[in-house]
Amino acid sequence: MKPGRVELMRIESDVLKGNAAGDPHVRTVPVYLPPSYDDQPGRRFPSAYVLTGFTGRGRMLLNDNLWNPPLDARMDALVAAGCGELILVMPDCATRYGGSQYLDSSATGLYETHLVKELIPLVDRRYRTIDAREHRAILGKSSGGYGALVQGMRHPEVFGALACHSGDMYFEYCYRGDVPKFCARVQNAGGLRAWFEGFEAAHQKKQEDLVALNILGMAAAYSPNSVAPLGIDLPCDLESGAFRADVWERWLEHDPIRMLERHIDALRSMKLLFLDCGIRDEWHLHLGMRLFAGRLEALGLTHEREEFDDGHMNVQYRYDVSLPKIATAVGA
Amino acid sequence: MKPGRVELMRIESDVLKGNAAGDPHVRTVPVYLPPSYDDQPGRRFPSAYVLTGFTGRGRMLLNDNLWNPPLDARMDALVAAGCGELILVMPDCATRYGGSQYLDSSATGLYETHLVKELIPLVDRRYRTIDAREHRAILGKSSGGYGALVQGMRHPEVFGALACHSGDMYFEYCYRGDVPKFCARVQNAGGLRAWFEGFEAAHQKKQEDLVALNILGMAAAYSPNSVAPLGIDLPCDLESGAFRADVWERWLEHDPIRMLERHIDALRSMKLLFLDCGIRDEWHLHLGMRLFAGRLEALGLTHEREEFDDGHMNVQYRYDVSLPKIATAVGA
Amino acid sequence: MKPGRVELMRIESDVLKGNAAGDPHVRTVPVYLPPSYDDQPGRRFPSAYVLTGFTGRGRMLLNDNLWNPPLDARMDALVAAGCGELILVMPDCATRYGGSQYLDSSATGLYETHLVKELIPLVDRRYRTIDAREHRAILGKSSGGYGALVQGMRHPEVFGALACHSGDMYFEYCYRGDVPKFCARVQNAGGLRAWFEGFEAAHQKKQEDLVALNILGMAAAYSPNSVAPLGIDLPCDLESGAFRADVWERWLEHDPIRMLERHIDALRSMKLLFLDCGIRDEWHLHLGMRLFAGRLEALGLTHEREEFDDGHMNVQYRYDVSLPKIATAVGA
Amino acid sequence: MKPGRVELMRIESDVLKGNAAGDPHVRTVPVYLPPSYDDQPGRRFPSAYVLTGFTGRGRMLLNDNLWNPPLDARMDALVAAGCGELILVMPDCATRYGGSQYLDSSATGLYETHLVKELIPLVDRRYRTIDAREHRAILGKSSGGYGALVQGMRHPEVFGALACHSGDMYFEYCYRGDVPKFCARVQNAGGLRAWFEGFEAAHQKKQEDLVALNILGMAAAYSPNSVAPLGIDLPCDLESGAFRADVWERWLEHDPIRMLERHIDALRSMKLLFLDCGIRDEWHLHLGMRLFAGRLEALGLTHEREEFDDGHMNVQYRYDVSLPKIATAVGA
């Protein structure tokens, strides 16, 4: 069967121009056009936005590997096996802090706005999508699963289906335990700027530094403060080392577990609400997923949930499960 | 120089008889008698109780190693170098859950009572100690550092000096992050009993299980509940997986950081209040120590604090620093 | 500055058709065309073949990463900084056994022939290269460094310069220690086919299996035997477990350390002979490099050698050192 | 049941006096006396010598652990379950290089002589043993398994039964792969003396250094050379880094796989020849054991062999299998 093809769309963002983190406002967004796209020039296709995890950006979904096909090849294989055709869009919402959680933040930039108000309209203008929520989905893994779930909750007028793979939720379990690791690492490096500069300069990024970066990145997304160093309130006091409950409370406002109650109608409106997670997730996200699904159930909200026997990393093969469901949900 | 010698004292405990965890009530407690003990039969010596960490008991302080001398050899060397002579007592407060934190608990046994009301009087009867707080010290590492600090705070009538090496404190940082690890591990094993039986039966104890055991052991010490399974309230709901803030609040009552304010006089009365910790402590106990020391300072309480460039494990060499200070503080 | 661009060249190989390992004979080879390529349509450019390591293929050189730019972006930055312009060709010589070492083998396929007789002529026909050894270089890392060194030695009529980064050599140190790991792993899995099928089916490739695959891949390249299982003679007897010195001797024939003496003229003819390696290379390749360089020196063969303080993995930044030297060596 | 008891026997060795490594010639050797020893003062008992692994000495067999009983408690439990009573002797043949392999060496000391000519006669004089090969066994684990096997082969006039747990053999697989690790580690540390002094001074012994020490220790045992640095010929040239086949050949003379043919009568004379190993042994010693056992079988030599599903470390529980067999073999 003829494969689809990928275009690298260049987007010059207005809302990211002059962003606080100093990240580029021009981004490259891969767009996968399915096999029939060129052959049927009058046909429009449903679209799905695929969000990467922390330290990722859209292009990485196309990274080659001997045993893990890139997303385009994966989608080609699914279509060959009968899956409905979709345009896949792979946004770039990365920041120098590792990511944006696909949220607007004074510390990083207006990534939610960029995604919803800039990127989607541009895609709809440039490609033959079906510009309607019923035919537009959002999905992703890890921080991308978080983004899919949160953007789905906040923008039901835009998205009609969502899939959340190993998504960040129940911050009590997925982030809180890393706060002291962040604190200790940064203190031992001589403070926030010294640590961050050292991190950026290092050829090899150490695991302990990536753990610390994760906390910095989340703080940049959840607790920005334009008058704090780097524009970020941290969940610990770097002087005393103490946990900051006030900052933590701001984080929790972004926890899907807590957001859920505020977005019941949005969640009910989804044609597909799919969640999955590995039961050996190193960030315990399966525990969060179970709590989230438990509340969905208690509220009578339809959803699909799957667990699988794996950890958090290298689970792209789970797209083979979600994409056909997405295609069915948003298909014409 | 003539070395000291060790007697293995057998103690049949009344208070541990029939303890809930089913652990033996007869224990073996090594007692180190310093070089002059036999030569000067009329002389009495100050004593120091040395508490081991989690999964330890007194005899392990005598474990041989090619590069880490056992405690008796270490003390011999210190005495040879001019350190005052001490009787060292190495209590056994181990439980099948890995330890007791040297506390009374309905889930394990009355280990605080055993230590303070049974063991110490027996030692004072059997050996030529100086039976007075001014001449009795307590010290230990990790859970043993916790025990030394807490027993010192709670029993200033018994102990006149204390040294806390890498002691458990600021539970927010040293335990909380392991609660989801415990929850996930136990759930995946099929529940608490299934997991614990599997753990006990395994020839090789896995790191993830030791992490989980640590949480179970702390729950046994801090949040016993005679009507709960195993007699222990856990800091998470094993069904839903949710964190239990009510149980956690009970743990915090045992956090030295919080206990401090209730024991100011006791702390002030110490002839030595020594704390140290490695700045790469894997449980972030150096962050707790700094907070603890900061409050001591704010309250004008005299203490000594040292930091060293190491992690949490295999730091017995720090006894070379504390024992001479102890000997000076409780010396005749 | 205007960036270069990448074309994904499709090559249908005659010599790989029906290869023993069952790998595809149609390959995708990225070709980087430098900034001036389109602007100066009458100009011809020197070319360099960049070989990936084990488990790699050319496209992976373009994999995106937040902190490690893909090869095209890296080359763009070098050119912007004054480096001579090169056409970079990224061959795909991967096999299901993880790689081919860029050699002809009855167990995998005729990858050396494919590279030298098929791919290079096709590139020279399709792109405006300067088709002369003086203007054609070969370089790579790890197994790709091996490939660059060996192909340079064997085809001085084709290549006029070479750079070998952390290249496989001194098999005594880089492979021999993994033979028992291979043997044990495969035996415990129930034999070669059972192990290999399990490996191929696994979502997550375990480190022990990748170590074993490395030995299988090397055996496929160095000691093929069309009548043995999988067409491969192994360096151990899977029944008894014993090391096979006869097979090992065949491997050694492919060791650059031993090949050197047979290719002195070729090595002398290189306009650039560059070697580097990290001094903490996990396969001890820096020890091999030092031995190789020592023999070059003893033979009076000009070369450049660098050591750097790093291990084996994620050292793509070393291309920033070699590519400008390559560009100078093969520049017009 | 009444437990046995342990005496710490002090032995002042003549043959170790002034040994080249500067290790003490006075050693402490624990002797376990079984439950009936004191009650039946006219009775004599068979004896067994238990040899520890690398970096061990006899006293470590008594190290306490919450889940792994020390050897005396283990033996008490076996006797309580019906095992024949044995006197267990735990020699100290440790050296500053981590061990002696229980061999005579000019680089360390005459440990074989010490064991066979000094220690055993002393034990037989001091304790009520049955001084006859039929009633004397030797066993051990890892380097101690090597020692048991080799001393049994070389001294059938002394030992009538042997058990070898996870013993060093087939040096091709258990040592050779670590030679480059040794070379790289020592070179990066600035040479043999600089590395070794740094190692001895370090509070925490790093895994890479213990791997290197293992090679140094084996070289001290297998390839001493009184005119070489430290009195030791190394299996690699520290200047060039090259493997030294001549030194390696000297090592192989000590490989049980090769020694076997020279000691067939001794092996045939054993009342028990027991070997076991975990099938996931990190040094691949199970592969060596299978080869060794295969040759025994080919030669018609009776033996028992067991494999178990574990690695190399913490397998003291295997003494529960061997000691009853030993007791039966050398019982009165």
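By letter and in written order, the chains are A, B, C and D; residue numbering begins at 1 in each of them.
Here, contacts are C-beta pairs under 8 Å (C-beta built on N, C-alpha and C of every residue); 3 or more make two chains touch, one makes a residue touch a chain.
For clarity, every value in this text was computed on a predicted model and none was experimentally measured.
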Touching chain B and chain D alike are none
Which chain's centre, taken as the mean of its Cα atoms, is farthest from the centre of chain C?
B
Per the centroid of Cα atoms for each chain, what is the distance between chain A and chain C, given in Å?
36
Distance from the CA centroid of chain B to that of chain C, rounded to the nearest Å?
56
Whole-Å gap separating chain A and chain B, where each centre is the average of the chain's CA atoms
45
Where do chains touch, given as pairs?
A-B, A-C, B-D, C-D
Provide the residue numbers of chain B that touch chain D in the complex, in ascending order.
55-57, 59-60, 62-67, 94, 98, 200, 203-205, 310-311, 314-315, 317
Touching chain B in the complex: which residues of chain A?
172-174, 176-181, 183-184, 188, 240-243, 279-281, 284, 286-287, 290-291, 294
